[in-house]
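Step one of this worksheet: look at the structure below.
Here the chain labels run A, B, C, D and E in written order, and each chain numbers its own residues starting at 1.
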Amino acid sequence: MNAIIVSALLGVIMMFSGIFTGNNKTIRTIAVFGMVLLLAANLLDINGYPFFKIETYGMLLFSKYGLLFNSVIIFCTLLLLLLSGQAIEKVGCYVAEYHALIFFILAGISILCSYNNLLMLFLGVEIMSIPLYILTGSEKKNLRGNEASLKYFLMGSFSTGIMLMGIALLYGASGSFDLLKVNETIFGGGISFLSITGIMFLMISMAFKVSAAPFHFWTPDVYDGAPTVFTSFMATIVKAGGFIAFVFLFVGKQTSAIYGVDWKLVFSLLIFATLLVGNITAVYQLSVKRMLSYSSIAQAGFMLFALFGMNDTGKEGLLLYTAAYSLATIGAFAVLIKVKDISYEGFNGLGRTQPVLAATNTVFMLSLSGIPLTAGFLAKYYMLLSAVQTGSYMWLVIAAVVFAAVSVYYYFKVIQAMYFKPGNAETEPVSAGFKWLLIIVSALIILLGIFPQILIGWMYF
Amino acid sequence: MNLVYLIPLLPFIGFLINGVFRNSLSKQATSIIGSGAILLSFILSVVAFFQVKSSGGFIVSYFDFINIREYVIPFAFQIDQLSSIFLLIITGVGFLIHVYSSSYMHDETPDHFARYFAFLNLFVFSMLILVMGANFLMMFIGWEGVGLCSYLLIGYWFKNENYSYAAKKAFVMNRIGDLGFLLAIFYIISKVSTLNYGLPGSAEPAVLTTLYTQFSGAELTAITLLLFLGAAGKSAQIPLYTWLPDAMAGPTPVSALIHAATMVTAGIYMIARSNILFTLAPYTSQIIAIIGLATAILAATIALKQNDIKKVLAYSTVSQLGYMFLGLGVGAYTGAVFHVMTHAFFKALLFLGAGSVIHALHNEQDIRNMGGLKKYMPVTHISFLLACLAIAGVPPFSGFFSKDEILVAAYASSPLLYYIGLFGSLLTAFYMFRLYGLTFLGNFRGTEQQKSHLHESPSAITIPLIILAVLSVAGGFLGVPEVFAKNAHLLENWLHPVFAKSYEAAPVHHVAHSTEWILLGVSTLLIIAVIVYAWKRFSSQTNFKQNSGLALVLENKWYVDELYDAAIVKPVNRLSLFFKNVFEKSVVDGAVNGVGKFVHYSSRQIRLIQNGSTGNYILFMVLSVVVIFLVIWNQTDIVSFFKKIF
Amino acid sequence: MGLTSIIFWGLSVLAIVGALMVLFSKNPIHSILWLVSVFFAISGHYILLNAQFLAVVNIIVYAGAIMVLFLFVVMLMNLNNQTEPQKSLWIKLAGIISGGMVLLVMISTIRSAADLTGKQALMNEGDIGLIANLGKVLFSEYVVPFEVSSILFLSAMVGAVVIGKKD
Amino acid sequence: MPIQYYIALAAVLFCIGITGVLIRRNAIIIFMCIELMLNATNLLLVAFSKMHHATALSLGKAGNAGIDGQLYVFFVMVVAAAEVSVGLAIIVMMYRNVHSVDINFLNRLKN
Amino acid sequence: MIALLLILIPLIFGFSSFAIKSDGAAKVWAVTASVAGLVLAIVAACAKTDASLLTVNYTWLPVLGSRFALSMDGMSKMLVLLTALSMCLIFLSTFKNNYKNARSFYALMMLTQAGMTGVFLAADLLLFYFFWELALIPAYFLCSMWGGERRIAVTFKFFVYTFLGSLLMLVGVLYLNYLSPAHSFALKDIYDLKLSAPQQSFAFILFFIAFAIKMPLFPFHTWQPDTYEVSDTAITMMLSGVMVKMGLFAVIRWLVPVFPDAVNQFGHIIVVLSVISLLYASFIALQQDDLKRLIAYSSIAHIGLMSAAIFVRNEVGLQGVMVQMFNHGITVIGLWMVADAVERTTGTRKFSELGGLAQRSPSLTALLVVLAFANISLPLTNSFIGEFLMFNGLFHYNIWVTAIALISIILAAAYTLRMVQKVFYGTASVASQNAAAVSKPMIATLAVVCILVIVLGVYPKPLIELTQQVTGALAAKTIF
């Protein structure tokens, strides 16, 4: 609860800060401190110090897992602000509003981290999405931004419609929106085609939110068109929000074969399609930004394994995966923002001109491609483990690793460009603080890659 | 007895010194070290010989070469009657050739000179290991070692590409034989878990003394055939003989030492050593006899028309080796070893003599450009003549005794073998005296410049010639057949322990003395007749017309090289090129790259779906929704389908 | 067939026809007006189902506010028959077929849903749709989502400002 | 009324909405079709709400049973309103820049 | 403790090497580290089985059931020794070479060393996988940064190929972990697994592909000649001398004992594949025109034999493989040194442009000849014992397979001698005439290699004794 209220309040504060000060730096400082505050509030919540005692009538249910997930998300947002905060200023003149929207989105994600009612799910998803439409189009004169925004909006609303239809059908089958009751009715009763269809629609709309193929079409275009800093935000934090919502719908219900429906089959097809589209299409991209957006699809394919496995390993793994993936992607985008030319050629020779950027970016790429000793590896490991633990669908696991090998192709192209190709990559001026921050992020990635229990252990202490 | 290890070690030390300090040693020092080491070895060999004589053979074991749970192969030397004879031949002839070389190779620069001696020493070392080894693996070590040295020495003049090609050919062809040898070794070791020969007469479990009884007949045949394949490679028998004539690319003393006197007889040593196995495998023995004889005849026919002095000798060597195999095949092991010994003397002599000639003529090797050297090089001439007589088998020269022992044994086995063999020895007499006649008789046919430089070789060359000539003449008396005198066959008596088991297993058929007399008489007469004819014919020949018909075929060695080239070398190379350029690139790597290209291609295709049109996106999404529903409703079928596949 | 049924069928036909006309009107203004009529029909259904509050809200919010906003925008852009882009026939056909397939999927769901047989929607009675009841529940059990939706509005407001304000 | 009728009606409207999204190029019309889809679900929710109420009535514990559905509809309308405000803002912004609302012109971002 | 130090030394020295400013200092630093490593490895190899000295077992990933467990048996000792020795030889022989950005070069070399050492020491499957990859990544950077023209593409192929293999292995790891009742990765627990035949087959294939790519075995070998050709020779030495042994090691340590039934089932196919590999590579080597490619193919051939000898599953063959792993490493490093010397002095590797180098550098020629004959496993060179035992093992399996495999010794002689002939013999080509002098450290190191070749060839007992126990234990467990 702390996180929802604090982030909403901080959103309001940010809104007004724009009125009281025109200084972007001040606004950013406020935002960073606000974020720290938010993180602290959420951490306190985990440790059993909620600020507010509000009767939610079962609308929200705070679990350690959800809160922990939320903390990871907030922490990543904090890093994003620290690393790429300056880039937000360059987007447009409504810096305070952008920050406010970010906080509102976090409020939505916080809801998604603790919802226990399909209504809260719906509201959370919408609170998360609507500000994003705006952030995507925040570069108002940029036609690509406009286009991305409109595409995102149209398809997002469409998926909202699908989600509502699903919820309606579920309601029809169960008579309630309460997740527990829904589960009880539909997952415990006899065969109900109404609820199967409902769940399918819900699943499809969630798949849309996490950009799982074949509902991923918006992703590359929107990520490409949006201002890079917000792409980074969307690809990591928002995607994580989508996943946590998705996971709460399915995981932990032992739903592997309700009504004789083998959900694994559906998920396996989704995963396969996602991995295929994400990895294969990323291979041919010329722009690193677009590559990263396809990469985010590909990574989503791996994250979907948590839903496929529907077991605790999957949940733990998703937490780690989110952290690993978000850290690396935020870092990669932070570097990307600093590089003037976002095509692969723009990275040529970065290893010489900006060794720290190149080295840390290498760590990010290694983590994304799942090389051991980086968090990305153990994250993938957990995901595959959760799939293997189901004892079937080994073909999917093998397909996944084959696609992981394909993913190496495009991630390593960046490394190749930075170190092995001749060139003089031009960057914006880079401050020492930025470099140190990047180093810290890489260190975190490696630390998580060696001792994942420092994160996962929190679930159980 | 503890000094036995010095016999091979001394040459090895010589090799090391000459090899490592080749840039700082003077030629004289090099030759002293090189020859001295062999001389010391020789002396020690003599000591060893007398040790054997006084107290029988002995085995000295140093350490476990291979020591695994299943078997132990010691690094051990076995000095017995057989190996001591070979020791003497190797070190003795080896020493002479070292001395000879110190003069012959004098034109080389010091470092190459040292390299030469190092190789020569290394060769002696390997050869000694070969004959001293107490088990088949040790023999194989030496076997390969001599192959290596042969390679190094044939290719000694490495600037000449043909020479290094010949060296390579020699080594590779030997390897074909090694394949058989190795397989035989595996066969033996997997059957009896040891490779030790065992001392003759000893009861300790060893392959050749006791354990051979464990092999079945078929196994023995297999093992012996494989061993013979090895022997055929090393000793230049059909079908693996073609390397030997090419090996004449090396310096002449090398040809004398390695490709005539010692290394090529390793095959005979091997079979003689494992005689019991061969005796018990009559089928193999027959094959050996036939192949030996065939080689003898084939090589002899080729030698008839060769014009390179060394080539003639090379084919002669092949031919003589064939005789030795014939002897082995018919069970005349002593005869074979005897012939090895006498052959070592006279063939070394022939080569050294040829070397002397070549030296005098400044590397002229074509006998058509020689002639009349008799008066310029008397020592060489006389020794060469003696050697020719010896090889031709004129009594009482050494070749007579040894060759006749083999032929008589062949007769005992089958008269047909004898007749063919006799025909071969007539050919031998003919081509040897053709060689002799063209080289030493008549008038000098070379250039004036050569003529002006004609001279007898220095003493370092002539002294070995003389010693060898003496041996060629007198060596035969070590094995005087029973026909002449009872128990005069010293060698037979000496070697008897080694071959005792064979003689027990298959008693040698003795030809009646009267028959033997006839055989000896007839063969001697025929040989002398041929010699006289050849002498007459070639002492005055001056013009050499182009060969045609059979002669041309003979001159071109029955086109065997060409046949091998077309049937084996070219196809192999073509296959190799096919693998390298086509199969590897297009198929194996093509598949790998194809996957990469396919990914690229699919990437280009799949991204076309992402065509930017929102309408299409939504259309795809809607279609996917429908598909997913279809999947859900037909999931049972789909799941069972997947289960079938995976 | 009672009055309720007649009204039900009448409203349903109106809704479907209206919906179809939204699709097939060339002129965006007409589309909007047809959509308004659909909303009215749906509101009629709400009344039929005795959900008066929603019926009213639907008319006020949707038919009133939202559709007027639409109308406003369309007029602002001066869109009409001539400017209206048309998709090619094939695409249209594909769209219709796809939509039809989704319909098939949904209809077959209903037909297969055994647990729905005999279930009736309560017509013209039941007071859960009355504003008093709704209000009570909304401000007790549903107070959290109610408050949360304020965040949504705030963000939408901020968003509209960010997007709409001239730089 | 049998609930199937309502579901069918909602499904028809929903699918007409989908079809509209697919066959129109005008962003505003598409958006309207999406609103149509939302309304179809709203209708369905209300119908279900009444269905559950009826079921509860028949079991004799009516109370506020089924009221959730109607409240949900209320929230959907709220959200829809917010969405419309943002959506139209985006469309207008787009129109300002390219003077068109044709989604087929939205193809700068592809592949 | 030593086990840990063996990994830590190259790791720490490696990372600190990045920070060194001067290239010369980095060189010295690397040599120091490698010598220290060698000393440690020798100490370890000589140590009697003292658990506290040679094993390490720390908690690492409790949530996954993996521990940081290292242990050293004879095979590990031998291979660690090989690694340390190789690095020493590599650094010393290339002492005169100047690499651009030398500190990174040496740092990455040492990191690779740490990874490889870890692979040989790991007693935990997941840890093994970690090290397996840790060895690969720095190697990738090395190959991509220092080497010939096409290095980026070629190295990338190498990387993706091996990485794909490791990922398949990862699936196998997961699968084993899933099947293991204790969900443990410990070597002992993995060995104790009771798997059904289909389970074994499935996991076996996954592991085997990974290892087959690493070894490499026909038809997974195509990355290898390219990579060896384009990367700098110092790196090639490491790859070919040590890294390919990882594949063999892994087969012996993690494949054969774990999946006896599957090995039984697929063994025949793999033996055939290995023999094909052996002959095929030999055939290709026969007509190679590039010195490095020739050595590469020759290496494939040798590895093929080793693989065959493993899968014939008898103690003799296995013992041969053990010995040969070490000896092949030594020999092939020597050959690469020669290749490096040739390339650096003449500037070319093409046979068509070489020839007659013997006149220019006789010492190099002499040393090459020793190595060439070691390459064709002449007796009294180190390779002989291994090949002898392996062929003997093969013989136990099937005489015809052995006979066919033995053809390779003929081919080996043919291509190796052809190489000697083309590069060193004949008349001196332009490139040879202008050849620079070979550096002193290179000659000295080569001499050391040659001495090792001979010494181990004459007295292989230490190697056999070092690995005998492992072989016996393995044989007892799986024979077979």
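What we mean here is this: a contact is a pair of C-beta atoms (placed from the backbone, for glycine too) under 8 Å apart; a residue touches a chain by one contact, two chains touch by 3 or more.
Note that this is a predicted model, so its numbers are computed, not measured.
Just how many steps, at minimum, does a route from subunit C to subunit E need if it may pass only between touching chains?
2
What chains do subunit A and subunit B have as common neighbours?
In this structure, the chains that contact subunit B and also subunit A are C, D, E.
Which chain is in the middle, if each chain's centre is the mean of its C-alpha atoms?
Answer by centroid distance: E.
Relative to subunit A, which chain has the most distant C-alpha mean position?
Most remote chain from subunit A, centroid-wise, comes out as B.
Please give the pair of chains with the highest number of C-beta contact pairs.
Maximum number of inter-chain contact pairs occurs for C-D.
Using CA atom averages as chain centres, what separation in Å is found between subunit A and subunit E?
42
For subunit B versus subunit C, what separation do you get between their C-alpha means, in angstrom?
So the centroids are 101 Å from each other.
How many Å are there between the centre of subunit A and the centre of subunit D, using C-alpha atoms for each centre?
27
Quick one: subunit C and subunit D, Cα centre-to-centre, how many Å?
Result: the chain centres lie 5 Å from each other.
Quick check: what residues of subunit E touch more than one other chain, meaning two or more?
There are none in subunit E.
For subunit D, what residues touch not just one other chain but two or more?
3, 7, 14, 17-18, 21-22, 25, 31, 48-49, 51, 55, 65-66, 71, 75, 79, 82-83, 86, 90-91, 93, 103-104, 106, 108-110
Which residue numbers or ranges of subunit B touch two or more of the other chains?
If we look for residues of subunit B contacting two or more partner chains, we find 607, 610, 612, 614-615, 618-619, 622, 625, 629.
Which chain pairs here would you call touching?
A-B, A-C, A-D, A-E, B-C, B-D, B-E, C-D
Residue numbers of subunit B touching subunit D in their complex, please.
That would be residues 607-608, 610-615, 618-619, 622 of subunit B.
Considering the complex alone, what residue numbers of subunit D touch subunit A?
Within the complex, subunit D touches subunit A at residues 3, 7, 10, 14, 17, 21, 27, 30-31, 34, 37-38, 40-41, 44-45, 48-49, 51-52, 55, 65-66, 68-69, 71-72, 75-76, 79, 82-83, 86-87, 90-91, 93-94, 97-98, 103, 106, 108-110.
Considering the complex alone, what residue numbers of subunit A touch subunit B?
Within the complex, subunit A touches subunit B at residues 150-151, 154-155, 158, 162, 196-197, 200-201, 204, 208, 214-215, 217-218, 220-221, 260-262, 265-266, 269, 276-277, 280-285, 393-395, 406, 409.
So in the complex, the part of subunit B that touches subunit A is made up of which residues?
Touching subunit A: residues 599-600, 602-604, 606-607, 609-610, 612, 614, 616-618, 620-621, 624-625, 628-629, 631-632, 635-636, 638-639, 642, 645-646 of subunit B.
Subunit A touches which residues of subunit C in the complex?
The contact residues of subunit C facing subunit A are 105-106, 109-110, 112-116, 140-145, 148-149, 151-152, 154-156, 158-159, 161-163, 167.
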